[in-house]
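Have a look at the structure below, then the notes.
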Amino acid sequence: MSDRSSDPGGDKRRRVPQQVTRLLVLFALFGIALLAARHYLVPATFGQMGHYRAAAIPQNAAQPVKYAGREACADCHQDVIELHSSGRHQFVGCETCHGPAAAHAANPTEVKPRVPRERDFCPRCHGYDPSRPTGFAQIEPASHNPGQPCVTCHMPHAPAPPTLPASCGACHGEIARTKAASRHATVPCTRCHEASEQHKQAPRANPPTKPTTREFCGQCHARAAGASSGVRGPESGVKSPEAGGATPDTGHRTPDIAIPQIDMSRHGQRFLCWQCHYPHSPEVR
Amino acid sequence: MTGYIYPNEIELQWGLLIVLYPYITGLVAGAFILASLERVFNVREVQPTYRLALLTALAFLLVAPLPLLAHLGHPERSFEIFLTPNVRSAMAMFGFVYAWYLMVVLLLEIWFDYRHDLIKWSARETGFMRFVHRVMTLGADDVSPRALRFDNAAGRIITIVGIPSAFLLHGYVGFIFGSVKANPWWSSVLIPVVFLFSAIVSGIAAVLLIYVTSCAVRHQPVDEACMGKLASFLFYALTVDFSLEMLDFIHRLYTAEESIKILSALVTSRLFISLVVMQVLLGTMIPLVTLALTSPAFERRAIVKIPAALRRRIFVVAALLVEVGIFSTRWNVVIGGQLFSKSLRGLTVYKLQMYGLEGLWVSVALMLLPLAILLVLMRILPPWTDAATAAHRESQTGAVITPC
Amino acid sequence: MEERKDEAPGSRLQAPESRLQAPGSGPQAPNQEARSPKPEDTGVDRREFLQKCGVAAALAWVVRVATAEAEQRADYKAAEHLYGMVVDPAKCIGCGRCMEACKAENDVPADPGMCRTWVERYILTTDGQTIVQSLDERGPNKPAVDETRILRTFFVPKLCNQCAKAPCVQVCPVGATFTTPDGVVLVDKDYCIGCRYCIQACPYGARYLDPRTRTADKCTFCYHRITKGLVPACVEVCPAGARIFGELKDRNSPLARYLRFSMLQVLKPHLNTEPKVYYANLDGEVR
């Protein structure tokens, strides 16, 4: 600390005022104390790498590891790994379900990881939740084989279901539910999307088709020039439920629902239909 | 809790203890600036409060670190701030501003001002007090005219240096909050200035209250001119403080940045009582109006005629309201800044505990402690040596004291 | 006072580079001869205080040496690495495994108000509201609104952004939080004084005070794992691949594809903290 009192403001005598000398002694002692404290109390590694105690880095790095990492499992469980790596769960790590296993890897016979077989375990990921990305396999736990453990039908390491899902809504739950409450409820998914059987086995490798032209929607919604607007049924292109229609169309329609029809040459000509109308919930109001 | 807060925000990090800390340092800065009015700007009327203001500042400054130490997770490591300070951290640098202010400004100023008295007192006293006063002279017992002139000049220079130091002291506390860009309630260029002026306001009000109280205890009449001047300065400072706060308020409303929605919800719900009622209405508007009505300017123009006794009581009430208002200001800044989420989507609540280090009773004790210290200081370094006080001390210690 | 376990203070304490005194011999020397403070000064007993500090510092030194021995980082060169992460909310299924794994791996208190990483659920409703909820890893997690009111909804994992210009590092008064040469912001639990300034300064709510150590705590990118070639626990267990960890400077890292092809954003870019956690496909409503 600098000592401001050493400027007496104009007194030019040779002797330094007594007050100044006493104060200087006091401040000097304080300064020595501070320097001694710095010398003895600042940790040895402080400042070596930056304004911190360098020894803190190895200290942080020395924390024990609890999750071994999936590479560690391969050392002993090669058979499971082989099965697992070609199934639907191939990108799911072992410890995601089996919990931290570093202790097991260190002591395989005495420490065993958990093996979750309870029915409420799998819905943590696979129970229906509207915020989950569409296309992620989801089931409604209350109605999907209630009471039965999941492992009854699904082998967790290769969890392909024993039978392929009948409806698109098994994986595309949010879309199915949205559509079911919309004007397109009775339009089966396959009316607009062609999906091969392979899609159910390898969804991303065999994506379904999507309409690409305005005329596609026009199949139902175009008002032919000169024709009066009337009720038109979706008789063309109806697929049977077995082929994957989400809501089988039995031909029954409430008489007073009219399919809206528009003049295709005038209506939103610069756009594709789905740029404004969400096909799964095409309500305009 | 309403809306959404990040999971880690459920617990408020800085509680009542951290509200106390800017309040106390504010009193320090304000009291010192009041003292400097007499020393540097030669405002003669407030001379009776000069030494009292210095002792008040010292008493509060000594207590100021205590709420911080009580709040730290590891107070035993607090010395690290002085040994390995991070020069980019406002909190670390404030440790040095505090140390500078305590040792180089306040203690030196008090020492230079009292040195002559200490020598005189120790020459006539006996026993413990004599020892204490002798030690405090640090052995510098030169009372030649040259030495006394040096004392005076040194005191003056230290006060001149001390004014920006006092500004720095509490402005820095404001900067500790104002520099946190993560918090839109705190992050503002104006916060250090608002803090400083509210500190001045609280300091002047505190000295006014302590002066009136000590006059009552000593059965001495209050110096009316002094009181009037204190009230004037309180009024000026309060006007500036209020203008700055209004400027901040208007700026926020006008620019209406993203945080305005949650901050408006904060003020109208969580902070309504402490901000609108206590800080603005009770703590600023009412004192402003009453001080304006009792000001000498109005007196001269005979707009309002108020008897002297009532005037004094009005000043005291105004000062009390101001203290409540400034405390609310600190509360609104510290606690208010943590009552809304940094996601700007929700509000939470502060659960004030009664017991424990972070509890109400400890804070009450910490606010009373400076007054206790002040009593001790006034014993060891009496601010006034008028005849009555001298007689009182004679009867107590057996020493003979001549009034200065 | 100190809750650290005392390793047997053997010859390590006399190692040449130590500038600390062994416990018990405390720093009595110069200070005791210093002029005694004025009676009205500080309320803290300086001698006892400094003794405790000497003991604390010595203990810290012992712990450092002891734990450094246990670590096989002999050939790890921090300067060769710069760690970063990409989070893809479009993939997140909100299962909460990351939260569970982080708490298990890093011994984080079970309190839901203390998270090193968490997942937020965003629901944008058809009437223009945005509702956010935090997941509880113990479940269940139900959406706050009825499905028919949902316009758009997704999960967003959050964690410490390991900022290159970290405000928490800037404000720490004692240098207890710092950025390592490999880009990870760590907390020195033996040096932190628990002032909580860093927690206030973090714009992302990533920090909390660990009540057991009374020091600040936060996500460390599982530093103890990544320096051994593993990935952080949350990345390890994420079943959906929503968290991608890797080297920012390495063209062959799993991050590289995202860095090349995705529109990457960071949280709160206007604060200029330069986070090293990037978000692909980030919705504008996310704060």
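Letters A, B and C mark the chains in the order given here, with residues in each chain numbered from 1 onward.
Please note the rule applied: a residue touches a chain if its C-beta (ideal position, glycine included) is under 8 Å from a C-beta of that chain, and two chains touch if they have at least 3 such contacts.
If you're wondering where the values come from, they're calculated on a predicted model, not measured in any experiment.
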Centroid-based (C-alpha) most distant chain relative to subunit B: A
Comparison of A-B and A-C (more C-beta pairs in contact): A-C
Rounded Å distance between subunit B and subunit C, as computed from the means of their C-alpha atoms: 37
For subunit A paired with subunit C, centre-to-centre distance based on mean C-alpha positions, whole Å: 22
Euclidean distance of C-alpha centroids - subunit A vs subunit B, Å: 53
Touching two or more other chains - residues of subunit C: 50, 53, 175-176, 191
Per-residue multi-chain contacts in subunit B, two or more chains: 79, 84, 86
Of all residues in subunit A, the ones touching two or more other chains: 26, 30, 37, 41-42, 46, 51
Interface residues, subunit A side, partner subunit C - complex: 26, 29-30, 32-33, 36-37, 39-46, 49-53, 55-67, 69-70, 89, 91-93, 95-96, 99-100, 124-125, 129-133, 136, 177, 181
Subunit B partner contacts - residues on subunit C that touch it in the complex: 1-2, 38-44, 49-50, 52-53, 56, 112-115, 118, 120, 130-134, 158, 167, 170-176, 191-197, 199-209, 213-215, 271, 287
Complex contact set, residues of subunit A against subunit B: 1-5, 7-11, 13, 17-19, 21-23, 26, 30, 34, 37-38, 41-42, 46-47, 51
Contact set on subunit B toward subunit C in their complex: 4-11, 13-14, 58, 62, 66, 68-69, 71-81, 84-86, 88-92, 95, 107, 132, 135-136, 176, 179-183, 338, 341-345, 373, 376-377, 380
Residues on subunit B engaged by subunit A in the complex (per definition of touch): 79, 82-84, 86, 99-100, 103-104, 108, 112, 115, 138-142, 146-147, 149-151, 153-154, 156-158, 161
